[in-house]
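Chain IDs A, B, C, D and E follow the sequence of writing; residue 1 opens each chain.
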Amino acid sequence: MDNQGSKVVFRGGGFTHQSRRWVGFVVFAALLLLAEWGTRTGVISPLTLPRPSDVLQTFGELYSSGLLFQHLIPSLLRLLVGAALGASLGIGVGFLIGLFSFVRAGLVPLVAAIFPIPKIALLPLFVIWFGIDEGSKYALIAFGTFTPTVVATFAAVDNVDRTLIRMGQSFGLDWFSIVRKIVLPGAMPGILAGLRISLAIAIILLVAAEMLGAEYGIGAYILEAGSLYDLERLFAGVVILSVLGVLVSAVIGVIERRLLDWRT
Amino acid sequence: MDNQGSKVVFRGGGFTHQSRRWVGFVVFAALLLLAEWGTRTGVISPLTLPRPSDVLQTFGELYSSGLLFQHLIPSLLRLLVGAALGASLGIGVGFLIGLFSFVRAGLVPLVAAIFPIPKIALLPLFVIWFGIDEGSKYALIAFGTFTPTVVATFAAVDNVDRTLIRMGQSFGLDWFSIVRKIVLPGAMPGILAGLRISLAIAIILLVAAEMLGAEYGIGAYILEAGSLYDLERLFAGVVILSVLGVLVSAVIGVIERRLLDWRT
Amino acid sequence: MELRLAGVGHSYAGREVLRDIDLKVPEGEIVCIVGPSGCGKSTLLRMMGGLEQPARGEVLQVGQPPQGCLNPLTFIFQDFALLPWRSVAGNVSLVLEDHPIGRDEARAMVADVLGRTRLTEFADALPRQLSGGMKQRVAIARALVVRPAVLLMDEPLSALDSQTRELLMEDLVGLWTRQPFTAVYVTHNLAEAVRLGHRIVVLSRRPGELREVVSLDKPLADRGYGDADLEVTQKHLWELMRAEAAAADAELLRG
Amino acid sequence: MELRLAGVGHSYAGREVLRDIDLKVPEGEIVCIVGPSGCGKSTLLRMMGGLEQPARGEVLQVGQPPQGCLNPLTFIFQDFALLPWRSVAGNVSLVLEDHPIGRDEARAMVADVLGRTRLTEFADALPRQLSGGMKQRVAIARALVVRPAVLLMDEPLSALDSQTRELLMEDLVGLWTRQPFTAVYVTHNLAEAVRLGHRIVVLSRRPGELREVVSLDKPLADRGYGDADLEVTQKHLWELMRAEAAAADAELLRG
Amino acid sequence: AGRKITVGALRFTSHAGSFIAFERGYFAEAGLEVELKFFQAAQPMAVAIASGDVDYAITAISGGLVSLADKGAIKVIGGALSEEPGIDGQKILASDAAFQAGLTAPAALDGKSFGMSTAGSSFHYMGSKVAAAEGVSLSFKPLQKVGAIIGALKSGQIDAWSIVPHIAKPLAASGAVHIIGDIADYLPDYQVTTVFTSATNAADERDMTGDYLSAYARGVADYNATMIAQESGQAGVDAMVDLIHKYVYTDRPRETAAASIINGTMRLNGGAALNVASVRDQLKWFQSEGLVDEGITLETLLDTSYVETLGS
């Protein structure tokens, strides 16, 4: 038996994450270079994928011709109005469901039934219901953001710590105070997490919304490029949407950090 | 001062929920009756909404002509194959992201960039990439279910109780045992919750998928009805999708109760 | 003001939890309730505070609450129940906001209780910045600010480590000595019971029945950490409960 | 087998947590570590078990682990760390599965430890059906089944109510009396330390330094609930720590 | 068995040539084992030709088709449906609201909105041509789907549209819209749809392509003889309707389907002859609108070596 002893072996440490931001950039760059190389050498047929440099050039033209903003601004407006409508209605209904047994019993099955309905199937009806002007675009985006927001909101209300509510009751706070000062801030993290998804869906629905008589808009631009089989423009449009999605998600991240700085 | 005393007033009880299943049925029935009454009396124009009884009749014809199953079976097959592909790939990639820092750094930004891309924008490309047969339909549905499943899975892996993992390490379990016996079951609730959303999205994408040269299928049926502005058939199709969504959600509920009976 | 329970009993979904409790909480005294897990201590306390309605019997408040009392029956919870998004001062002022109190007066009241609980310099801290002991001091401050007639405490110290527990007990004794309050104090911990209780009520295992009421005459301020005479009472209580506690555990799976 | 720590120190993100700890854990003895919150007790224990690498100094195991030992350094966690999806027997057998042990032998080993921890009739229960005390008994059974050379316990009783804590302490004493084991026992609770420790190591507040090592000679089996001679040691420890605990609390916000 | 080929089709009466050739075994006689592949829209069908999933198909000339030809993927090899003065053709429609407000003839279209699926579609072309001829200006509304256009027209959100007769007539019959003119008056000999295939098929599979075209032309000949010339009388029409009903309006009963099928009767180009003049005009128009590249020549789009050409 040695009296010196041996060092205790290390066996922890797995399953933790180091942050390696640069890997993400490397992966993006590698994919782009691969596509560029493939399309240049002809390994990838021009029918399959546009050349990244051509997409960039298309994007440059779009920008310098001023068309970029002509397309972007109406789309942003539609997103803004539609998502604001859908999300605020969704949060409202979600709260009602979370707070009142009767509303819950009545509306939860309805929301569950509406959720899997594809919005594009209803396009012809949206024309009749909301017209072919901005109304139907707002409505489509609002409709798409509404259901996930409702579900996220009432789950968030359900998840508010019951002991906090009981505390409020035990101090004789009135019902409305409890809702405003305890339930609302307590549900906020869940609502914001839900908004992340709802807004991604709103962006996805932009294309569907702009199927309805939109002359300008990123969705309309993509649709036209698709129908003309113009892959460069199609990809330029898709990249814009993708960047938009990443930006929206980042903005929510900032709001979360601001609004929820009380979390650990 | 009375010596009898007064009863302590009750002030608890708010914010709990009673189950009132029947209210849901009542709401559905009321909405249907309203629509029936409105369309019969002409308050609701036939352009706006079909008469519920006509939709029911259309559905009856669909069933008795045998066309229902001719449409339903290919759609179910597409859903099954597409969602199975997308979900299993998504769970796999989600696990890789959850377990390896490098994969996480490389793929998370990619997934975030892919998420807001509308699948319908890529329809023309899907034909080139995957052909017009079932391949492109499977691919579209798989693609749509993939991203949300990835996000849900790696969040679920991240949420697995670290003390359980540390426990495994402290007992010298090997890496693969920890993944299989601790991480996998621990992530299961989150994965199933994610599947609920992914499968709803799969159903929504069915319509888009069947835009690509499908003869039979609920989506194709809806599209054809839409292009002929045949509201009865459009609604019959939409109701089928909606029922499908509710059923899928119920099936996941059953699986959850089975698989996760260890939860409180 | 004092509380009186007469023949109180309760059942949840047909399972009897409490049976036939007669109890009096006299003004200015701390009554400790001890008993094995699941015997209905929390249920009993909730009934005293009006958060639950007894199925049988009644809970009465006798006499008027003191002048200026805003919430006669006030809880202190085991898990503090602080709003994580409000500062210490915000958590305390929360319970004043629904009363017609001027802004300045409210601010003065908050400052006063924060001083009494030695939290003045933490007034702007968020709960996540505080240790468990300080969080519970905030909860105590919040309870004191409404000038309660009776404090209802459900294992207020059991989420804390034993050193912090010790320090907080001294705080409570200090508060009571300066200005005696009426309190019902539910605990698992017999050491706490003998340090803080004027009377100690022992409940049997479920369905909880009154087993024994032990009175302790030694003044609170004179009781210390590990006093020999308190140890005697504590040992007596432990003998009473030991078998119950083991049996309650074994019943769990079948229950 | 015994453990030796020589000049162990550690920092997290530049903040010193432990400083210059020299310590010996002799075979067959229970060493208790007490100290104010955040002084690095858990960190120290994780280093002893190889879950963390000390920044300075070294942790040595001296001598061979006993015959048949499957996991020389074995943890028991405060929050039990049971897999909620496995039964009691499944949780125990989990830690045998990566070893080349026959199915029958494994089953016999599990049955044996469940018997020793009085859990035989709960073998098929799921964790959610158990009380806290029983959950910790399962965790103890799981630790015993690998025949550890040293048991590392991080506040194993602090998630339990005080009655259950009392019963489990008796269980531990019983287990040790029948077959002495080596253990390091981290706790906040001085009563536990004086009931279970052959030596009690007192750490200062962060950065944790060795303050004092108290030896207790009275055999474990003879120590009882609230023994007067133990109370003396406990009071002495409390005097040592009281100021540290209060100061640690106050430092929190600034730290 | 012969060579296996895939023929793309939409469930429209204008694809009757393919259905007849298939049902009556003309393809088989030409040594081709045909699989019919049905699409919901023309655009994916064009892409499917480009990807090689489909060998031959029939659709309107659109900007997308020209783009794909420009990428060297497809060729137009024959004509299918064309406008012919005297035979019922595509109609110009006005919404009821606009009609009541005076839109009773195409000349009154100035400042009105005109429905189309997408920019560069045949609707876009027809509308532009009508507007140019009448010297009026139109605003075009892209609505993607025919269903959406119908909805918008019925509810008066767009003022006008043009569409094949079998959709136009029932719409007009319902009273919600009105027929105010014929496309044939503005675009005589308009080559509405064409037969097209992949560039490789056109260049390297000359035998197969020739066989396909001749079998298709037999189907077209049957159709024109029965439905337009009525050579075999009512019995012949009934038999033909039965045949077409297998593919078109399948889920409607025979009686209602028959009306729609007969309503949809239009002239199919005999021998799959191609009106090059009309195609040239369409290509020019696409280019003038900036929808396709300026440099594309007629030769890029057409392979005129298979069928008789008109107007060149």
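The rule we apply is simple: a contact is a pair of C-beta atoms (placed from the backbone, for glycine too) under 8 Å apart; a residue touches a chain by one contact, two chains touch by 3 or more.
The model shown is predicted, which means the values in this text are computed figures rather than measured ones.
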| item | value |
| --- | --- |
| Chains in simultaneous contact with chain A and chain D | B, C |
| Chain C and chain D: spacing of chain centres that average the CA atoms, whole Å | 31 |
| Distance from chain E to chain D - Cα centre to Cα centre, in angstrom | 83 |
| Interchain centroid distance [CA atoms averaged], chain A/chain B, Å | 17 |
| Centre distance in Å when chain B and chain C are each reduced to the mean of their C-alpha atoms | 47 |
| Set of chain E residues in contact with two or more other chains | 43, 47, 50-51, 145, 147-148, 150-151, 154-155 |
| Multi-chain contact sites of chain C, meaning residues that touch two or more partners | 49-51, 73 |
| Contacts with two or more other chains, residues of chain A listed in rising order | 11-12, 47, 123-125, 128, 166, 169-170, 172, 223, 226, 229 |
| Those chain pairs that satisfy the touch definition | A-B, A-C, A-D, A-E, B-C, B-D, B-E, C-D |
| Chain D residues within the chain A interface of the complex | 3-4, 46-53, 58-64, 73 |
| Chain C contact footprint on chain B (complex, rising order) | 1-12 |
| Residues on chain E engaged by chain A in the complex (per definition of touch) | 43, 46-47, 50-51, 62-64, 67-68, 71, 73, 117-121, 140-145, 147-148, 150-152, 154-155, 157-158, 291-292 |
| Residue ranges of chain B in contact with chain E within the complex | 47, 62, 65, 67, 123-124, 127-128, 131-133, 210-215, 220, 223-229 |
| Chain B-facing residues of chain D, complex | 49, 51, 70-71, 73-75, 77, 79, 81, 83-86, 94-95, 97-98, 126-128, 142, 146 |
